[in-house]
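Read through the structures below before going on.
Next come two complexes, and both contain chain A; in the first it sits with chain B, in the second with chain C.
== the complex of A and B ==
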């Protein structure tokens, strides 16, 4: 039996990619409607979805995309212009396909009747051509005449009821269908097997099946009939031309008609009277149009929220990367056999010398063999490292995959906010670990929403400030050292120091006005990442509820990343997210605390030093600070925080590791440094409770588990402690 | 086939792995046992209750281990010569249980399992599924799911109260806090 589950999985993967192509293509097309190559790309994407869904029997999707394809074809033939409304319609259709594909993925049932309104509109577009009033929503297209083009493709329903002796006459019905394909498009074939008798009465040489074939062709009916010339005798062949509506709507309505339950006019009328749920509710006075608008907008947000889920759990790998990996593995196999050879040669070198036992030359002849082994070993080591690097690179994906999805988000949000915003993207080829990429999507959605909602002003405000009415958001990525930076930069109004301070004051975060004046911009900016903090004057539905920025920060810190804000009042805000290249392997500093090894990610270490006896001071007998070149940094005793008995009570006999967090530096006290190595970060097992100051664990060379410290978590805990103390 | 409800020989019971905690015999569902390993080096994890001994390296995967004798607050909790770790897996969550000597894999018939009697406040029966008589010995059947799910609620408490007030300076507070968790 065919494994449908597997087929569906492959289909969903592919379809999601094509849907992304569709969406990006459409958005680009809006900018350059004359681009024929672009149109072809979009057409191909729709065509691929149609083809692959049809192949595995997802006829609903196939039929829907087919309609799309038809309209696209009209655009290719210049009978229709891709204006804003057409693009919007197509984007809506793309969303619907996405939902259908998601239903396939989640094995749930999609309500196919939801497609009909859109399909009607698309049909109307195709038949009405450009600029016609037919593109208005909910006006079903004129079903009848495909008036315009003379070489118009027509749809036919071919009922093919072959005589039972077809096989015996040496005719294969599939050949007929192939022949049909030469004339046009076989959109759909339905086989009726109800005439097949029970096995005991079945004559294997008889044909019991009849077919309904949906066929599209610009060929004349007579030509189509010719295909069946040889089988006409003894078979029943009925070819009925279909109106466009009939061809595309073998849905509930048409099925009912076919079954004789209702008349075609009834279906037609019902479809005409069908309105969107929202409109009906407005009509009945249940909700106001503004309410409706708001909810519809929220619905749109839900759609954008599903951005993240659209990244699949499989990965597409550049063939060159795989080839490279295969080459190195080949090399390893060769070295392996060389090793084997060298090992076999050792006894030969030992015993081969004449005289056998006790020959003084025996030890000497071993030397070259050992030297050879050493050379081989170093080669093996090199290959091993290359394999490791190459394998890691398989997990790397270009960020463009995620970036391009934001074009849609910006388009829709800027329309709903009445702002003009252009999204510029650069550095999309920068590669990032797939795991990181997945987790960064959500925070980026938040950042971009914030930029649209709070950053960029309305066209009027911008004009008043002497700026171009169109704002811009620049989404960029670049690699620097072992980190990747992703930046969201807007040219909006920037963060207001006063507003943040006012809010901080209201929340009781900053009580001393003098201290507030001394705070650096960076410190002030970092306050917007606190839970419940939002500077929006009014709460809007896009952002401004004070959830978001703290989630952004937490998500990024979970990835061992950092968030930095640069803002200039009136000129804009840039938020940079610094991310490690990969999650799996990090450079770690191994430290000893109370005889136990702990790992601190090197990316978080500024420096380490042994303080002088006079450099450590206590404040009100509680807090401790350490002086580092004139600055006093809070000293965090890790042993106390972690509840371990330290071996070094006196800081001047221990080591202070300086780390920076949110623009401030801190000293972490450890017993001693034990080295530096690359470590593989692992979680502590699904059954282990999550602990705020531990990021995970790693396995050291001796097989023991060492815990990896979560430095931001540690600093937050110690801050809470001191906050708690100051309250007492 | 309309089989009688009772009297079937093997279907009416389960296989159990039995082990000792001091002198008492305990059993857990054999299907939940992944393997039994020697007690190796344990890395202590801060802030967790003391029965939570820490984490170990199980062939490259890190798993937590708990000390059942401590968990049940039994009198002596030193390790013995045959002390080992029973690695259990329930719904992809893996956990090691430190026990004294694994004794047997037994089939215990359904009908020989009786409910845990109520001991009043002195004995916590929350993790016990029932008791069974095997030959002359009494075996206490443990509910591995309950033990696992308790660490979950612990995790929740840790997340919510993470970095609470008890962290303040004297290190001894940690122990107390951990015990409270």
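== the complex of A and C ==
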């Protein structure tokens, strides 16, 4: 009996990788449509998915990918060119495959009828491309959608090109269109009069007009076709099912261009005068602007979700890394047996020495034996380190994996925002711990969306500002020391100091104009990270970069990372995210509180000091503070927060560790410093509820268990406490 | 005002069947027993649609369609032919002559009305 579940797991994992290949390949192909090697890669990806899905009996996926493969094959044989529409079609198909695979993974049912429209279009492409005829094939509805599938409303493009003698045959085309209305909704109808000849050549009894009808119906395609049964001869009737996305007008235009019905300029002009579906609905009072915004937000959210879900819980390891690890482990085994041998040799070497009747030189042979042990020990130490490093490197993945997913995001968002944006990527080979990589995706989506939304101007605005119409976003990663920097740089309009200040003023954050003038650019920029900074008024806020920036910052800080902003009005904004290489091993400062060891990540420590007796004060409004070079910092007594009794009640006999959070400094009171070492951060396990002030645990060099403090969490707790106090 | 349909058939039972179905659907019906009778009945009356059998004495359906298309008042009048499956060549002939559509015998009243609605409201 074959274990299908296991097979499915393997299939899903592999398919997800191939889907990523497909997607990335397609996006690259759009840039270089002539790249044969790229086309081969895409073809192989589709081929692999088809093969493996077919093997384990996932016939729907196999059938779908087979169609895809056939079109790709036509492209390989130059009978079809990968233009923008073709790429869009394939990207849509890729999305569908992904959904199908996700359904396999979650053991849920995929509604296969959703594939039929795309299948039809792909088949049409292939046939059109093969040079046989550009006419879309007649696909009876029941052949494309399997029988028994529930009647669903679908969209169709009906091209009705009547024969000129229709009137003379006693047929009124308007009645046919009326009859369509009996079967569904005629959402949009366009009459083309370009074939009407000049008056001198016009035969009033001839019919020169043709129609494009955007039709929505749950009727079977055959029934729709039946409406035209008496005009089929002598007329040209093409019924093409549309996907939901195409059903919106812009795509309709694209289809028309592809079929040669209209010129691209016509669509372009039509689009200029045309509003988005959502806007039309708002105008007609069918939905409120808030509804529209919410739906758009949901749509964007869905995109983010799909980006997130694409990182699997397994990891694929570079074979060289694994080989290296196996080599060192082998080395360790050898040293281990040498160690054992050397230990066995010691009693022999020392034999007789206590008795004193042996060779006096024998006692001295203990020394070389110990020396040998020492050498072996240092070898073991070296190997141990290497194993540590090598094992860590297994968790490291190139950021390119995440970066390339953004190509799609940028492509789609720039279309929907009517902006021209080029995404440049560099440093994609930079490696980051898988855990960090997973958590960085979300904040990066946010930053990129912000850059597109608010940073980069429309082509018109750019032209007016003397810039190239096409904006650019540069996504880069590089390693510096033990940190990785990820930067999102745009060449947009930059952050405006005045607008942020105005906003801060409106929110009551800055009340003193004089103080506002003195604020540095950095201080001002950091205000966009404050919770709610822009959500209060995000639609009208022009600079509006603060959408969810507090969340971005919070996420990065959970990774012990930092966010920095550089901006120049009119020239663009760069947001740098500094991240630790890995989450698993951190440099920790070990402190003692009430006889217990605790670890504070060194990355969060600004300095540590013993305050003078006069430096510690209790202010009525702010509670206990410590003066550090003229500034009063809130003093957080960790012992009280953690519920233990400190041995040093008096701060001037203890140590204050200064940390910075959200641009403010805080003093953490501990009994004493106990050292510094690399620690392996362990989760406390699922049995323990997540505690806000503890990030995890670790085992110290002396074998003791120590808790690792979550400094941002601690600061937030103490803020809450002081807010409580001030309310009383 | 309801539409007036001229039904042309030499079989009385067929004329009756079609009349019933159409009247039921709200149409006015005028009956003719063959092409010649039909042409007579067309002069002076307002006919919105013609449904004709093909095989009839005196003037068959094809000839009727040809004459209709030649008459200024009937140039654009929808004309349906009543055919059987085996009359494929006749059907082609009728179409060439300018028939608008056809109904294949045997048919149900619903099918008939459904088809008629494609031509007159």
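To be clear about the criterion, the second predicted complex is superposed on the first by the 426 of 728 C-alpha atoms of A that agree within 3 Å, B and C clash if a C-alpha of one lies under 4 Å from a C-alpha of the other, contacts with A are read in each partner's own complex, and residues count from 1 in each chain.
Note that contacts are C-beta pairs under 8 Å (C-beta built on N, C-alpha and C of every residue); 3 or more make two chains touch, one makes a residue touch a chain.
Computed from a prediction, not measured in an experiment: that's the story for all the values here.
Peer 1: I'd like to know which partner A:682 touches here: chain B for first, chain C for second, both or neither.
Peer 2: first
Peer 1: Figure out whether A:691 sits in contact with chain B (first) or chain C (second), or with both, or with neither.
Peer 2: A:691: touches chain B, not chain C.
Peer 1: Does chain B (first) or chain C (second) touch A:179, or do both, or does neither?
Peer 2: Second partner only, chain C.
Peer 1: State whether A:724 touches chain B only (first), chain C only (second), both chains, or neither.
Peer 2: Only chain B is touched by A:724; chain C is not.
Peer 1: Determine, under the contact definition given at the top, whether A:332 touches first (chain B), second (chain C), both, or neither.
Peer 2: Once the two structures are laid over each other on A, A:332 reaches no partner at all.
Peer 1: I'd like to know which partner A:171 touches here: chain B for first, chain C for second, both or neither.
Peer 2: Only chain C is touched by A:171; chain B is not.
Peer 1: Given the touch rule stated above, what does A:230 touch, chain B (first), chain C (second), both, or neither?
Peer 2: After superposing on A, A:230 lies in contact with chain C but is clear of chain B.
Peer 1: By residue count, which of the two partners contacts chain A more extensively, chain B or chain C?
Peer 2: B
Peer 1: Name the contact category of A:585: first (chain B only), second (chain C only), both, or neither.
Peer 2: In the superposed model, A:585 contacts neither chain B nor chain C.
Peer 1: Both chain B and chain C contact which residues of chain A?
Peer 2: Correct list for chain A: none, the interfaces share no residue.
Peer 1: Under the touch definition given earlier, write down the residues of chain A that touch chain C in their complex.
Peer 2: Result: residues 167-172, 175-176, 178-179, 205, 227, 229-230, 233 of chain A touch chain C.
Peer 1: Give the list of chain B residues in touch with chain A in this complex.
Peer 2: 40-41, 43-48, 52, 54-57, 60-64, 92-95, 148, 151-152, 154-155, 158-159, 162-165, 167-171, 174-175, 177-178
Peer 1: Using the touch rule from the top, collect the residues of chain C that touch chain A in their complex.
Peer 2: 49, 69, 75-79, 95, 98-102, 117-121
Peer 1: Quick check on the complex: what are the chain A residues that touch chain B?
Peer 2: 596, 622, 639-645, 682-694, 697, 699, 703-707, 713, 716-718, 720-721, 724-725
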